[in-house]
(Lines give C-alpha, C1' and ligand atoms only; values in the text may rest on other atoms or scores of the structure.)
Protein backbone atom coordinates (compact mmCIF):
# COMPACT_ATOMS: atom_id res chain seq x y z
CA UNK A 1 0.00 0.00 0.00
CA UNK A 2 1.04 3.59 -0.31
CA UNK A 3 0.25 6.58 1.88
CA UNK A 4 -1.12 9.69 0.19
CA UNK A 5 -2.63 13.05 1.06
CA UNK A 6 -6.09 13.96 -0.24
CA UNK A 7 -5.83 17.11 -2.37
CA UNK A 8 -9.02 17.26 -4.42
CA UNK A 9 -11.95 15.62 -6.15
CA UNK A 10 -12.92 14.75 -9.71
CA UNK A 11 -16.32 14.26 -11.26
CA UNK A 12 -17.23 12.35 -14.42
CA UNK A 13 -20.79 12.53 -15.70
CA UNK A 14 -20.15 10.12 -18.57
CA UNK A 15 -18.69 6.97 -17.02
CA UNK A 16 -19.05 3.23 -16.58
CA UNK A 17 -22.52 2.60 -15.16
CA UNK A 18 -21.06 0.52 -12.31
CA UNK A 19 -19.08 3.53 -11.03
CA UNK A 20 -22.21 5.57 -10.18
CA UNK A 21 -22.26 6.64 -6.55
CA UNK A 22 -18.55 6.08 -5.96
CA UNK A 23 -16.61 9.17 -4.83
CA UNK A 24 -13.28 9.88 -6.55
CA UNK A 25 -10.46 11.71 -4.78
CA UNK A 26 -7.25 13.16 -6.18
CA UNK A 27 -4.34 12.22 -3.92
CA UNK A 28 -0.65 13.06 -3.72
CA UNK A 29 1.49 10.05 -2.64
CA UNK A 30 3.84 10.77 0.29
CA UNK A 31 6.98 8.99 1.45
CA UNK A 32 8.91 8.98 4.72
CA UNK A 33 12.26 10.76 4.72
CA UNK A 34 14.99 11.16 7.34
CA UNK A 35 16.18 14.63 8.40
CA UNK A 36 19.88 15.07 9.17
CA UNK A 37 18.90 15.08 12.86
CA UNK A 38 17.49 11.57 12.42
CA UNK A 39 13.87 12.68 12.66
CA UNK A 40 11.36 11.49 10.11
CA UNK A 41 9.02 13.65 8.04
CA UNK A 42 6.50 13.08 5.26
CA UNK A 43 7.21 14.42 1.77
CA UNK A 44 4.98 14.44 -1.32
CA UNK A 45 6.58 12.36 -4.07
CA UNK A 46 5.51 10.80 -7.34
CA UNK A 47 2.53 11.54 -9.52
CA UNK A 48 -0.95 12.40 -8.32
CA UNK A 49 -3.54 9.60 -8.56
CA UNK A 50 -7.32 9.24 -8.62
CA UNK A 51 -8.71 6.79 -6.06
CA UNK A 52 -12.17 5.64 -5.04
CA UNK A 53 -13.30 6.32 -1.47
CA UNK A 54 -16.06 4.69 0.57
CA UNK A 55 -14.61 5.52 4.00
CA UNK A 56 -15.10 9.29 3.87
CA UNK A 57 -11.62 10.80 3.79
CA UNK A 58 -11.50 14.61 3.87
CA UNK A 59 -9.16 17.05 2.20
CA UNK A 60 -5.62 17.08 3.67
CA UNK A 61 -6.14 13.74 5.47
CA UNK A 62 -3.53 11.00 5.04
CA UNK A 63 -4.96 7.83 3.57
CA UNK A 64 -3.73 4.29 2.94
CA UNK A 65 -4.39 3.14 -0.65
CA UNK A 66 -4.62 -0.40 -2.02
CA UNK A 67 -4.02 -0.81 -5.77
CA UNK A 68 -4.77 -3.32 -8.49
CA UNK A 69 -7.13 -6.25 -8.00
CA UNK A 70 -6.67 -5.75 -4.24
CA UNK A 71 -8.50 -2.41 -4.45
CA UNK A 72 -11.57 -4.20 -5.80
CA UNK A 73 -11.73 -6.45 -2.72
CA UNK A 74 -12.96 -3.42 -0.75
CA UNK A 75 -16.01 -3.03 -3.02
CA UNK A 76 -19.32 -4.86 -2.59
CA UNK A 77 -18.95 -6.09 -6.21
CA UNK A 78 -15.39 -7.02 -7.21
CA UNK A 79 -16.25 -6.57 -10.90
CA UNK A 80 -16.29 -2.76 -10.68
CA UNK A 81 -13.49 -1.29 -12.91
CA UNK A 82 -11.53 0.53 -10.20
CA UNK A 83 -7.80 -0.01 -9.60
CA UNK A 84 -7.13 2.09 -6.46
CA UNK A 85 -9.23 2.55 -3.31
CA UNK A 86 -8.82 4.25 0.06
CA UNK A 87 -8.73 1.39 2.59
CA UNK A 88 -7.85 3.38 5.74
CA UNK A 89 -7.32 6.88 7.13
CA UNK A 90 -3.98 7.15 8.94
CA UNK A 91 -4.20 8.60 12.44
CA UNK A 92 -0.78 7.78 13.84
CA UNK A 93 2.65 6.86 12.58
CA UNK A 94 5.75 5.97 14.60
CA UNK A 95 9.22 5.71 13.17
CA UNK A 96 12.55 4.66 14.54
CA UNK A 97 15.13 7.32 13.85
CA UNK A 98 18.53 6.20 12.65
CA UNK A 99 19.85 6.73 16.19
CA UNK A 100 17.17 4.49 17.68
CA UNK A 101 14.87 7.25 18.99
CA UNK A 102 11.20 7.09 18.11
CA UNK A 103 9.11 9.79 16.48
CA UNK A 104 5.39 10.07 15.85
CA UNK B 1 -6.71 5.37 -11.65
CA UNK B 2 -4.85 7.98 -13.61
CA UNK B 3 -6.11 10.99 -15.51
CA UNK B 4 -4.94 11.41 -19.10
CA UNK B 5 -5.63 13.53 -22.15
CA UNK B 6 -6.69 11.89 -25.41
CA UNK B 7 -4.15 12.75 -28.11
CA UNK B 8 -4.70 10.24 -30.92
CA UNK B 9 -5.81 6.86 -32.19
CA UNK B 10 -4.12 3.64 -33.31
CA UNK B 11 -5.34 0.94 -35.64
CA UNK B 12 -4.20 -2.67 -35.87
CA UNK B 13 -5.53 -4.84 -38.67
CA UNK B 14 -3.72 -7.96 -37.48
CA UNK B 15 -4.74 -8.44 -33.85
CA UNK B 16 -6.31 -10.79 -31.32
CA UNK B 17 -9.73 -11.76 -32.65
CA UNK B 18 -11.39 -10.74 -29.36
CA UNK B 19 -10.21 -7.12 -29.81
CA UNK B 20 -12.28 -6.55 -32.99
CA UNK B 21 -14.61 -3.58 -32.63
CA UNK B 22 -12.80 -2.05 -29.66
CA UNK B 23 -11.50 1.50 -30.25
CA UNK B 24 -7.94 2.25 -29.14
CA UNK B 25 -6.88 5.75 -28.07
CA UNK B 26 -3.41 7.17 -27.46
CA UNK B 27 -3.40 9.17 -24.23
CA UNK B 28 -0.93 11.38 -22.38
CA UNK B 29 -1.14 10.96 -18.56
CA UNK B 30 -1.52 14.24 -16.65
CA UNK B 31 -0.80 15.10 -13.03
CA UNK B 32 -1.89 17.94 -10.76
CA UNK B 33 0.76 20.49 -9.84
CA UNK B 34 0.78 23.51 -7.54
CA UNK B 35 1.74 26.96 -8.84
CA UNK B 36 3.70 29.25 -6.52
CA UNK B 37 0.45 31.17 -6.02
CA UNK B 38 -1.12 28.00 -4.60
CA UNK B 39 -3.32 27.41 -7.65
CA UNK B 40 -3.47 23.98 -9.23
CA UNK B 41 -2.93 23.14 -12.89
CA UNK B 42 -2.73 19.98 -14.99
CA UNK B 43 0.58 18.98 -16.57
CA UNK B 44 1.36 16.13 -18.98
CA UNK B 45 3.79 13.69 -17.37
CA UNK B 46 5.01 10.19 -17.97
CA UNK B 47 4.85 8.05 -21.08
CA UNK B 48 1.97 7.93 -23.55
CA UNK B 49 -0.28 4.86 -23.31
CA UNK B 50 -2.77 3.03 -25.51
CA UNK B 51 -6.17 2.43 -23.89
CA UNK B 52 -9.45 0.88 -24.98
CA UNK B 53 -12.53 3.09 -25.07
CA UNK B 54 -16.21 2.16 -25.07
CA UNK B 55 -17.50 5.46 -23.64
CA UNK B 56 -16.70 7.66 -26.63
CA UNK B 57 -13.97 10.04 -25.49
CA UNK B 58 -12.93 12.64 -28.06
CA UNK B 59 -9.57 14.19 -28.78
CA UNK B 60 -8.31 16.58 -26.06
CA UNK B 61 -10.84 15.29 -23.52
CA UNK B 62 -9.61 14.33 -20.05
CA UNK B 63 -10.34 10.70 -19.20
CA UNK B 64 -10.05 8.48 -16.14
CA UNK B 65 -8.24 5.21 -16.87
CA UNK B 66 -8.37 1.92 -14.98
CA UNK B 67 -5.42 -0.46 -15.46
CA UNK B 68 -4.64 -4.13 -15.03
CA UNK B 69 -7.32 -6.72 -14.35
CA UNK B 70 -9.57 -3.85 -13.23
CA UNK B 71 -9.69 -2.54 -16.81
CA UNK B 72 -11.20 -5.83 -17.96
CA UNK B 73 -14.11 -5.46 -15.51
CA UNK B 74 -15.48 -2.74 -17.81
CA UNK B 75 -15.73 -5.17 -20.75
CA UNK B 76 -18.66 -7.48 -21.46
CA UNK B 77 -16.19 -10.40 -21.48
CA UNK B 78 -13.43 -10.16 -18.87
CA UNK B 79 -11.22 -12.54 -20.89
CA UNK B 80 -10.36 -9.91 -23.51
CA UNK B 81 -6.57 -9.18 -23.44
CA UNK B 82 -6.73 -5.46 -22.61
CA UNK B 83 -4.91 -3.90 -19.65
CA UNK B 84 -6.14 -0.27 -19.72
CA UNK B 85 -9.63 1.15 -20.40
CA UNK B 86 -11.30 4.55 -20.27
CA UNK B 87 -13.84 4.30 -17.42
CA UNK B 88 -14.96 7.94 -17.27
CA UNK B 89 -14.66 11.34 -18.94
CA UNK B 90 -13.71 14.02 -16.42
CA UNK B 91 -15.95 17.09 -16.48
CA UNK B 92 -14.98 18.85 -13.27
CA UNK B 93 -12.11 18.87 -10.79
CA UNK B 94 -11.80 20.84 -7.56
CA UNK B 95 -8.62 21.20 -5.60
CA UNK B 96 -7.73 22.73 -2.30
CA UNK B 97 -4.82 25.13 -2.71
CA UNK B 98 -2.09 25.04 -0.12
CA UNK B 99 -3.61 28.15 1.47
CA UNK B 100 -7.02 26.51 1.78
CA UNK B 101 -8.69 28.20 -1.21
CA UNK B 102 -10.47 26.04 -3.74
CA UNK B 103 -9.92 25.92 -7.48
CA UNK B 104 -11.78 24.18 -10.26
CA UNK C 1 -1.27 -1.17 -23.35
CA UNK C 2 2.04 0.09 -24.60
CA UNK C 3 3.40 0.36 -28.11
CA UNK C 4 6.83 -1.13 -28.78
CA UNK C 5 9.15 -1.92 -31.67
CA UNK C 6 10.33 -5.49 -32.21
CA UNK C 7 14.15 -5.56 -32.02
CA UNK C 8 15.09 -9.20 -31.50
CA UNK C 9 14.38 -12.69 -30.23
CA UNK C 10 15.38 -14.82 -27.25
CA UNK C 11 15.53 -18.59 -26.87
CA UNK C 12 15.42 -20.64 -23.70
CA UNK C 13 15.98 -24.39 -23.89
CA UNK C 14 15.44 -24.94 -20.18
CA UNK C 15 12.06 -23.41 -19.37
CA UNK C 16 8.61 -24.00 -17.93
CA UNK C 17 7.08 -26.90 -19.86
CA UNK C 18 3.94 -24.85 -20.62
CA UNK C 19 6.01 -22.25 -22.53
CA UNK C 20 7.08 -24.70 -25.25
CA UNK C 21 6.13 -23.50 -28.71
CA UNK C 22 5.61 -19.89 -27.69
CA UNK C 23 7.83 -17.38 -29.53
CA UNK C 24 9.56 -14.70 -27.43
CA UNK C 25 10.42 -11.28 -28.86
CA UNK C 26 12.62 -8.53 -27.44
CA UNK C 27 10.88 -5.18 -27.82
CA UNK C 28 11.75 -1.53 -27.20
CA UNK C 29 8.79 0.49 -25.86
CA UNK C 30 8.07 3.70 -27.79
CA UNK C 31 6.18 6.83 -26.80
CA UNK C 32 4.62 9.66 -28.78
CA UNK C 33 6.39 13.02 -28.57
CA UNK C 34 5.57 16.46 -29.97
CA UNK C 35 8.06 18.32 -32.17
CA UNK C 36 8.30 22.09 -31.78
CA UNK C 37 6.35 22.34 -35.02
CA UNK C 38 3.47 20.47 -33.38
CA UNK C 39 4.06 17.27 -35.34
CA UNK C 40 4.17 13.94 -33.53
CA UNK C 41 6.91 11.34 -33.76
CA UNK C 42 7.68 8.02 -32.07
CA UNK C 43 10.66 7.74 -29.73
CA UNK C 44 12.09 4.67 -27.99
CA UNK C 45 11.87 5.08 -24.23
CA UNK C 46 12.14 2.90 -21.16
CA UNK C 47 13.65 -0.54 -20.76
CA UNK C 48 13.52 -3.36 -23.29
CA UNK C 49 11.07 -6.16 -22.51
CA UNK C 50 10.51 -9.78 -23.52
CA UNK C 51 7.01 -10.56 -24.77
CA UNK C 52 5.26 -13.62 -26.13
CA UNK C 53 3.92 -13.49 -29.70
CA UNK C 54 1.28 -15.63 -31.40
CA UNK C 55 0.34 -13.10 -34.09
CA UNK C 56 3.58 -13.20 -36.06
CA UNK C 57 5.19 -9.77 -35.62
CA UNK C 58 8.39 -9.23 -37.57
CA UNK C 59 11.51 -7.28 -36.71
CA UNK C 60 11.04 -3.48 -36.74
CA UNK C 61 7.23 -3.77 -36.67
CA UNK C 62 5.29 -1.73 -34.12
CA UNK C 63 3.22 -3.90 -31.79
CA UNK C 64 0.61 -3.31 -29.09
CA UNK C 65 1.42 -5.18 -25.87
CA UNK C 66 -0.91 -6.23 -23.05
CA UNK C 67 0.69 -6.87 -19.65
CA UNK C 68 -0.10 -8.71 -16.44
CA UNK C 69 -3.04 -11.10 -16.12
CA UNK C 70 -4.51 -9.43 -19.23
CA UNK C 71 -1.68 -10.87 -21.35
CA UNK C 72 -2.74 -14.38 -20.37
CA UNK C 73 -6.25 -13.81 -21.74
CA UNK C 74 -4.75 -14.03 -25.24
CA UNK C 75 -3.48 -17.57 -24.62
CA UNK C 76 -5.51 -20.75 -25.10
CA UNK C 77 -4.69 -21.67 -21.47
CA UNK C 78 -4.71 -18.73 -19.04
CA UNK C 79 -2.49 -20.66 -16.60
CA UNK C 80 0.65 -20.20 -18.70
CA UNK C 81 3.25 -18.10 -16.77
CA UNK C 82 3.57 -15.21 -19.22
CA UNK C 83 3.07 -11.56 -18.21
CA UNK C 84 3.31 -9.73 -21.57
CA UNK C 85 1.92 -10.65 -25.01
CA UNK C 86 1.68 -9.02 -28.43
CA UNK C 87 -2.06 -8.45 -28.98
CA UNK C 88 -1.90 -6.41 -32.20
CA UNK C 89 0.41 -5.11 -34.91
CA UNK C 90 -0.03 -1.36 -35.42
CA UNK C 91 -0.60 -0.30 -39.01
CA UNK C 92 -1.77 3.26 -38.61
CA UNK C 93 -1.67 6.01 -36.02
CA UNK C 94 -3.25 9.46 -36.18
CA UNK C 95 -2.49 12.26 -33.77
CA UNK C 96 -3.86 15.69 -33.23
CA UNK C 97 -1.05 18.23 -33.17
CA UNK C 98 -1.16 20.91 -30.52
CA UNK C 99 -2.44 23.34 -33.15
CA UNK C 100 -5.30 21.04 -34.13
CA UNK C 101 -3.77 19.61 -37.31
CA UNK C 102 -3.71 15.85 -37.75
CA UNK C 103 -0.72 13.66 -38.50
CA UNK C 104 -0.41 9.99 -39.35
CA UNK D 1 9.60 -9.86 -4.52
CA UNK D 2 11.55 -6.99 -3.10
CA UNK D 3 13.69 -6.79 0.03
CA UNK D 4 13.00 -3.92 2.43
CA UNK D 5 13.98 -2.74 5.89
CA UNK D 6 11.29 -2.17 8.52
CA UNK D 7 11.42 1.49 9.65
CA UNK D 8 8.10 2.16 11.38
CA UNK D 9 4.41 1.48 11.89
CA UNK D 10 1.15 3.13 10.92
CA UNK D 11 -2.25 2.98 12.57
CA UNK D 12 -5.64 3.68 11.02
CA UNK D 13 -8.71 3.72 13.28
CA UNK D 14 -11.13 4.31 10.41
CA UNK D 15 -10.49 1.56 7.88
CA UNK D 16 -12.01 -1.30 5.93
CA UNK D 17 -13.59 -3.67 8.44
CA UNK D 18 -11.69 -6.63 6.98
CA UNK D 19 -8.33 -5.01 7.86
CA UNK D 20 -8.96 -5.10 11.63
CA UNK D 21 -6.22 -6.96 13.49
CA UNK D 22 -3.68 -6.75 10.66
CA UNK D 23 -0.43 -4.97 11.57
CA UNK D 24 0.91 -2.38 9.10
CA UNK D 25 4.62 -1.66 8.80
CA UNK D 26 6.41 1.16 6.99
CA UNK D 27 9.34 -0.25 5.02
CA UNK D 28 12.21 1.16 2.97
CA UNK D 29 13.03 -0.99 -0.10
CA UNK D 30 16.71 -1.93 -0.40
CA UNK D 31 18.75 -3.06 -3.40
CA UNK D 32 22.09 -4.82 -3.75
CA UNK D 33 24.99 -2.73 -5.03
CA UNK D 34 28.59 -3.55 -5.91
CA UNK D 35 31.49 -1.69 -4.27
CA UNK D 36 34.55 -0.95 -6.40
CA UNK D 37 36.29 -3.78 -4.52
CA UNK D 38 33.65 -6.17 -5.86
CA UNK D 39 31.92 -6.57 -2.48
CA UNK D 40 28.15 -6.26 -2.25
CA UNK D 41 26.23 -4.03 0.14
CA UNK D 42 22.58 -3.16 0.69
CA UNK D 43 21.36 0.37 -0.06
CA UNK D 44 17.94 1.92 0.57
CA UNK D 45 16.34 2.93 -2.73
CA UNK D 46 12.92 3.90 -3.97
CA UNK D 47 9.90 5.09 -2.07
CA UNK D 48 8.77 3.87 1.35
CA UNK D 49 5.79 1.49 1.35
CA UNK D 50 3.17 0.27 3.81
CA UNK D 51 2.90 -3.53 4.07
CA UNK D 52 0.83 -5.94 6.13
CA UNK D 53 2.69 -8.29 8.49
CA UNK D 54 1.55 -11.56 10.06
CA UNK D 55 5.03 -13.02 10.63
CA UNK D 56 6.19 -10.58 13.31
CA UNK D 57 8.99 -8.56 11.73
CA UNK D 58 10.71 -6.08 14.07
CA UNK D 59 12.17 -2.67 13.41
CA UNK D 60 15.39 -2.70 11.36
CA UNK D 61 14.82 -6.31 10.21
CA UNK D 62 15.11 -7.12 6.49
CA UNK D 63 11.93 -8.57 5.05
CA UNK D 64 10.84 -10.12 1.75
CA UNK D 65 7.65 -8.55 0.38
CA UNK D 66 5.13 -9.98 -2.09
CA UNK D 67 2.96 -7.46 -3.96
CA UNK D 68 -0.31 -7.41 -5.86
CA UNK D 69 -2.73 -10.33 -5.84
CA UNK D 70 0.19 -12.52 -4.69
CA UNK D 71 0.26 -10.66 -1.35
CA UNK D 72 -3.33 -11.73 -0.70
CA UNK D 73 -2.40 -15.41 -1.03
CA UNK D 74 -0.68 -15.13 2.37
CA UNK D 75 -3.94 -14.12 4.09
CA UNK D 76 -6.56 -16.52 5.43
CA UNK D 77 -9.14 -14.71 3.26
CA UNK D 78 -7.88 -13.65 -0.17
CA UNK D 79 -10.61 -10.99 -0.44
CA UNK D 80 -8.92 -8.64 2.04
CA UNK D 81 -7.93 -5.36 0.25
CA UNK D 82 -4.17 -5.52 0.86
CA UNK D 83 -1.60 -5.27 -1.96
CA UNK D 84 1.71 -5.90 -0.13
CA UNK D 85 2.57 -8.40 2.64
CA UNK D 86 5.71 -9.53 4.47
CA UNK D 87 6.20 -13.16 3.40
CA UNK D 88 9.62 -13.80 5.00
CA UNK D 89 12.30 -12.32 7.26
CA UNK D 90 15.72 -12.51 5.62
CA UNK D 91 18.42 -14.05 7.78
CA UNK D 92 21.19 -14.63 5.27
CA UNK D 93 22.21 -13.43 1.84
CA UNK D 94 25.15 -14.58 -0.29
CA UNK D 95 26.35 -12.81 -3.38
CA UNK D 96 28.94 -13.55 -5.98
CA UNK D 97 31.29 -10.60 -6.40
CA UNK D 98 32.23 -9.59 -9.89
CA UNK D 99 35.57 -11.36 -9.41
CA UNK D 100 33.89 -14.60 -8.41
CA UNK D 101 34.39 -14.32 -4.63
CA UNK D 102 31.39 -14.82 -2.38
CA UNK D 103 30.11 -12.46 0.28
CA UNK D 104 27.40 -12.84 2.89
CA UNK E 1 8.80 -10.58 -18.94
CA UNK E 2 12.18 -9.17 -18.10
CA UNK E 3 15.63 -10.63 -18.51
CA UNK E 4 17.92 -10.61 -15.48
CA UNK E 5 21.26 -11.98 -14.35
CA UNK E 6 21.44 -14.19 -11.25
CA UNK E 7 23.76 -12.54 -8.68
CA UNK E 8 23.01 -14.22 -5.36
CA UNK E 9 20.67 -16.03 -2.99
CA UNK E 10 18.63 -15.13 0.07
CA UNK E 11 17.43 -17.33 2.92
CA UNK E 12 14.53 -16.71 5.28
CA UNK E 13 14.02 -19.09 8.20
CA UNK E 14 10.87 -17.35 9.41
CA UNK E 15 8.52 -17.22 6.42
CA UNK E 16 5.11 -18.15 5.08
CA UNK E 17 4.71 -21.90 5.53
CA UNK E 18 3.78 -22.33 1.85
CA UNK E 19 7.18 -20.96 0.75
CA UNK E 20 9.15 -23.84 2.33
CA UNK E 21 11.32 -25.61 -0.22
CA UNK E 22 11.25 -22.81 -2.77
CA UNK E 23 14.68 -21.38 -3.69
CA UNK E 24 15.02 -17.57 -3.80
CA UNK E 25 17.53 -15.87 -6.08
CA UNK E 26 18.69 -12.26 -6.15
CA UNK E 27 18.74 -11.01 -9.75
CA UNK E 28 19.86 -7.85 -11.55
CA UNK E 29 17.53 -6.90 -14.45
CA UNK E 30 19.32 -6.30 -17.77
CA UNK E 31 18.26 -4.38 -20.85
CA UNK E 32 19.44 -4.40 -24.46
CA UNK E 33 21.37 -1.33 -25.62
CA UNK E 34 22.78 -0.27 -28.98
CA UNK E 35 26.47 0.59 -29.35
CA UNK E 36 27.39 3.42 -31.73
CA UNK E 37 28.51 0.73 -34.16
CA UNK E 38 24.98 -0.64 -34.21
CA UNK E 39 25.85 -3.74 -32.19
CA UNK E 40 23.72 -4.74 -29.24
CA UNK E 41 24.94 -5.48 -25.71
CA UNK E 42 23.31 -6.29 -22.38
CA UNK E 43 23.49 -3.78 -19.54
CA UNK E 44 22.35 -4.12 -15.92
CA UNK E 45 19.63 -1.58 -15.18
CA UNK E 46 17.02 -0.99 -12.53
CA UNK E 47 16.77 -2.37 -9.02
CA UNK E 48 17.72 -5.87 -7.92
CA UNK E 49 14.81 -8.25 -7.28
CA UNK E 50 14.20 -11.50 -5.42
CA UNK E 51 12.61 -14.25 -7.51
CA UNK E 52 11.61 -17.85 -6.91
CA UNK E 53 13.33 -20.55 -8.96
CA UNK E 54 12.25 -24.13 -9.70
CA UNK E 55 14.25 -24.53 -12.92
CA UNK E 56 17.72 -24.48 -11.38
CA UNK E 57 19.36 -21.28 -12.63
CA UNK E 58 22.98 -20.82 -11.55
CA UNK E 59 24.92 -17.71 -10.65
CA UNK E 60 25.67 -15.40 -13.62
CA UNK E 61 23.07 -17.13 -15.85
CA UNK E 62 20.55 -14.98 -17.71
CA UNK E 63 16.97 -15.80 -16.80
CA UNK E 64 13.52 -14.82 -18.04
CA UNK E 65 11.23 -13.70 -15.20
CA UNK E 66 7.43 -13.59 -15.08
CA UNK E 67 5.87 -11.21 -12.54
CA UNK E 68 2.57 -10.74 -10.75
CA UNK E 69 -0.19 -13.33 -10.86
CA UNK E 70 1.52 -14.79 -13.95
CA UNK E 71 4.47 -15.89 -11.79
CA UNK E 72 2.13 -18.03 -9.70
CA UNK E 73 0.98 -19.96 -12.78
CA UNK E 74 4.39 -21.69 -12.77
CA UNK E 75 3.81 -23.11 -9.27
CA UNK E 76 1.96 -26.35 -8.50
CA UNK E 77 -0.32 -24.35 -6.18
CA UNK E 78 -1.28 -20.90 -7.49
CA UNK E 79 -2.11 -19.71 -3.95
CA UNK E 80 1.56 -19.44 -2.93
CA UNK E 81 2.41 -15.76 -2.13
CA UNK E 82 5.16 -15.25 -4.72
CA UNK E 83 5.11 -12.41 -7.28
CA UNK E 84 8.16 -13.21 -9.46
CA UNK E 85 9.47 -16.56 -10.78
CA UNK E 86 12.19 -17.72 -13.15
CA UNK E 87 10.32 -19.24 -16.12
CA UNK E 88 13.27 -19.85 -18.45
CA UNK E 89 17.06 -19.74 -18.73
CA UNK E 90 18.15 -17.76 -21.79
CA UNK E 91 20.64 -19.55 -24.02
CA UNK E 92 20.56 -17.43 -27.15
CA UNK E 93 19.55 -13.95 -28.20
CA UNK E 94 19.58 -12.43 -31.66
CA UNK E 95 19.13 -8.76 -32.38
CA UNK E 96 18.81 -6.73 -35.50
CA UNK E 97 21.29 -3.85 -35.44
CA UNK E 98 20.08 -0.45 -36.57
CA UNK E 99 21.82 -1.04 -39.90
CA UNK E 100 20.01 -4.34 -40.43
CA UNK E 101 22.87 -6.67 -39.43
CA UNK E 102 22.18 -9.40 -36.92
CA UNK E 103 24.04 -10.07 -33.68
CA UNK E 104 23.82 -12.90 -31.19
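In this document, chain identifiers A, B, C, D and E correspond to the written order of the chains, with residue numbering beginning at 1 in each.
Following the convention adopted for this analysis, a contact is a pair of C-beta atoms (placed from the backbone, for glycine too) under 8 Å apart; a residue touches a chain by one contact, two chains touch by 3 or more.
These figures come from a predicted structure and were not determined experimentally.
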Common touching chains of subunit E and subunit A: D
Classification of the subunit B:subunit C interface as same or different, half of numbers criterion: different
Distance from the mean Cα position of subunit D to that of subunit A, given in whole angstrom: 19
Cα-centroid distance, subunit B relative to subunit D, in whole angstrom: 31
Where subunit A touches two or more other chains, by residue: 68-69, 71-72
Topology of the chain contact graph, where touching chains are joined (line, ring, star, complete, other): ring
Sequence of chains encountered when the ring is traversed from subunit A in the direction of subunit D: A, D, E, C, B
Contact footprint of subunit A on subunit D as seen in their complex: 7-16, 18-19, 24, 26, 28, 47-51, 59-60, 68-69, 71-72, 79-84
Subunit B - residues contacting subunit A, complex: 1-3, 29, 31-32, 40, 45-46, 55-56, 64, 66-74, 78, 85, 87-96
